[in-house]
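This is the structure I have questions about; it appears just below.
Chains here go by letter, A, B, C and D, matching the order in which they are written, and residues are numbered from 1 within each.
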């Protein structure tokens, strides 16, 4: 994007039902309506794109073994976290800058997610004011993903605002203390075209590339930051980016109220382990002391099933929601969760699991040929 | 298919010898003569088609180790089940709606299979009346695949009809209590264009999609249904869809007279284990107490050999028979079994196995690179 | 090939140096000069061609670990078997009907091989008279591959002729008691266009397809046949087609003077184990009691090195020699062995092995990712 | 290259900044500016190119497990060897004939590397005089890669010159006592178009192919050569080409001051083990007694990270530097090291490693599906 394009970034403004069969359809369709730089930023990953591709493929490292004669009809997909009831164990992962996908940005996303009776994790790098997003999501729990400032005074202000807006948990992103090696952004010359009001106190905003944006937030994250946030906010704090047992222990010892297993959608370390392959190790270390959320590469109801069977309590999705947001606004957002409801219900029925707790007890079989 | 197409579904009516070298040829040829919606319904599988593809590829997870100097000529392929002698250990799996492939539907299939001296498993969702199918198959054993009604009175009536028509066994399909995620059917807009007379008491019929059809049958299958069918019919009952040792035990404890290992041809749970990989686990659990039938992905005499070496007593085939039915009617059907006879005979000879019992003792070698 | 083509099969008659860098070049070039049916017969394999492809790929299941500082220059490739000294541990495998590749057939092959100072294994299904082939190969040892007649009188006559022509060993092909499933031959309608004088007493010859030709030889091979040949001929007898330890024991107990590990170039059982993967198991069973010959998929000096490191005493090649015969007559044949001399010498030097005995002690490393 | 081309080999003479995102871009761009024969010689590998391809792919046999909350900003990439401080743990591998890539040859390379504060390993087959190269690299350590003459008098003279030019270590290439099977050079008819002044006493030079050039140097390398060089030069001697524990022991017992793990960039033994897969075995054998250098297939900062985590002290690169030399002269050379600095810094930050010593303690996870 050259300077002129940057100034005149034209995000889609579509509203209404999107016609898709699966989420790969959505990706193809979204590519045609989101401006190149924005689409590249959303869709791509680090380096040779090996890890981002393996994220999806790695779900085949474990295969489902369907069970029969289980006396099931209409399996129960609902679940609960921190006292909030959700219609399905799939929530919205934090994703920066929904304004790249739709002029209504996070406001439309919040609306669609609230209508899906699940959780929206609002990114620090949202393009809409905190209050507008939380208002749009009324009736559904919201969490706040935190990129900390280097200044603790600013951090306190942001946490105050998060609490004022009713956030139920704080998600500390710990796996992005610098931007990953995003070659697509180098090729398109991508810079963020829109402001980020939640962090405007430390983030100057429009026209900066990803390295500059990450550079303005805090790099030297440590267990003390988890303690600080937990203590100051009084809210459960997820450490996001945990990929091994050791870090699960570090997080819990720091007072984390949850552990979020992810490799940031393959956007940070190429040649890093696919997120699904890290899940069981982390879940075993956590040992049900705190909730485990999983994301990275989830595109199917069967992926949700497998992640829960490997130890996740909740599964988060990201890119597909942005694509559907671009194509249909809040209605598109809701359709993505409807898609997961349909696929997960079928999978649960055919796998012989009456509810989410039974998925957790389902056995997956190793698949060394994948 | 739009409304007009649906009304005027034009199934092939070819009769006579089909010119093919292998079953992949048949698939290519059949695609040209079966209407798009029907071909899509028959040929496709669930989700990303991973499991359906792995079903065939997974036969390479185990390799044949040929034996020499075994003093063999003309190996004996015949076998026996429930007192019926078969010319080869390959039978016809239940497949819905043969009328999609040929105007004569299951009547032509029954004829071709009877001439092959093997078993036809008649689907509940057949398009021809029970009596016509059983008459056409005279001289050969037939089994009945049962999709139960939610009403036990209807179930008793259907079982009465099955017995009246001479069925030798009942096959309870337990892996399809809802339809799988068949995206091809969504893309073509497939609805069943033809009636299903055997289950007309609970199945309203023409113009419904697969979800509606499955929805009208019983979802909450349990061990009690196996007991009910066995007791009421007095016939051996196969539980079809068993993919692990636990379910083999459940089936046998419920009085099953046989266990049928399958993943429904990759049509139900994508990301599920390839059926061949489940076979040895199930066969070991069954431990020869009841017969084991295997299907899913069988396209070669070597596949039949491998399945039997892994513990199957009989191997069932499905799609290829529909393709050859479309291309040549009953004669085409018979040719598919001739194809297996030729390939299996060669394989038995070269593997040093005189008969089916010796195949069961043959050792396959693991192939981790497949 | 239709009837007219069959009658006028036009084999190449080229003579002189062939311009190739590797054996895949040869295959591409030969395809252009050998008539379609003949090329298809020579080049193809069984079924889905999986085993024939894995034959070559499987060499990567084990990788060479080069050694340094080994004080080597001009490694010694020579070896010895049954008192005959060879210039390299690579010999000619038996291949039927060289007349398909060149008008001079086995006479030209014998000449090129003799000039390479190695062994020609003459096929029972050669197109030239025994005496002509043995004369052309003067100065080099020759072995005779035996497809037995069903009539032991004929067998004695053929063995008498083999001895009269100076054969040093008999190779009993035990893995081809029926023809494999060669679909290419079905597609081209291949029939053998040329007579087979060595076995003319039981083989009627021209115009028959492979199934008919194999059908006229003996199917019911057993250990007694090994005993019979060894006793009657007084020559060492290789059992060709041994792929597991059990059959190695059977062969040796029957008096075999050698064991030949092969899967017949992937032409017999598709889905069978790649030959290289069977080698170490057989070699361990043989335990140096008799020589082990290996073939199937050998296209590189590194393949020869790996096969010897896994337990082979000699490595045999087939198709590439036919291709070069088609392109350059006897000179082309010699070039193939020169190719192996160059590649094997480089490999031995770089792997730190002074001679063939040291190759046998070289360690290969497992490669599970191949 | 025919005779005329050989005489008029036109190497690039570009100077200035090169516009690339990653090293694969560089390769594509360099292919357009380096004459065909020269590009083929630089870029290609042995035989079927399997090992050269696996060299890069094999880095995925082990995956990085990122760590969080590690309290890091600006990780320290500097390291030290033999008292020399380097800005990063990446050095220049010895590569013959830089004059193929640029008219200024090794003089430009030396300048770019010195500006990168790292080590240039000068090849015996350099195209520029020793003095010119060492002068151009002032301010940075240089090592000398030695292809020995068959004449020890000449060897002493060359070592004298190396010491006179300030070389800090001698690298004895032990894995190239003959040229590998480079088919690309056969196809292009490549001969070296430029003189090799450092070894002019035994190497007649221009117009010879690789086999002739290697043939003029010493083949029979042994532990005595390591002893000789170490004793005569008083410098640390690396044995280059060590790929297993046994050879690491041989090298160290011969007085080697370092071990260099490489498979010569996949140029020598095709079907040989990918170099990365040999690294941990060698490093364990070396057990920190001497430094370990690694090369072959390094194209990413993540590759550098993985190699160090597997036991390398330094990582060497080759082809990419030649490509960038061709495109931008000394400035291009420097850019390649800048590229590694950027990627390695990001990787270290995201993997939670403060410095090179911490990389050595990082755990990689096995990845059997790669």
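Note that in this section a residue touches a chain if its C-beta (ideal position, glycine included) is under 8 Å from a C-beta of that chain, and two chains touch if they have at least 3 such contacts.
Labels paired with UniProt names: A, B, C, D = L-lactate oxidase.
All figures in this text were calculated on a predicted structure; none of them were measured in a lab.
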Which chains does chain C (L-lactate oxidase) share as contact partners with chain D (L-lactate oxidase)? none
Any idea what the CA-fit rotation angle from chain B (L-lactate oxidase) to chain C (L-lactate oxidase) is, to the nearest 5 degrees? 90
Average the CA atoms of each chain to get its centre, and name the chain whose centre is farthest from that of chain D (L-lactate oxidase). B
Per the C-alpha means, the centres of chain A (L-lactate oxidase) and chain D (L-lactate oxidase) lie apart by a whole-Å value of 42
Find the geometric centre of each of chain A (L-lactate oxidase) and chain C (L-lactate oxidase) from their Cα atoms only, then give the gap between the two centres in Å, rounded to an integer. 60
Would you please write down the residue numbers of chain A (L-lactate oxidase) that are in contact with two or more other chains? 368
Line, ring, star, complete or other: which describes how these chains touch one another? ring
Touching pairs here come out as A-B, A-D, B-C, C-D
Interface with chain C (L-lactate oxidase), chain D (L-lactate oxidase) side, in the complex: residues 47-48, 50-51, 54, 57-58, 61, 174-181, 183, 186-187, 219-223, 225-226, 239, 241-244, 246-247, 250-251, 254, 263, 268-274, 277-278, 368, 370
Looking at the complex, which residues from chain B (L-lactate oxidase) come into contact with chain C (L-lactate oxidase)? 21-22, 59-60, 63-73, 300-303, 306, 343, 345-347, 349-351, 363, 365, 367-369
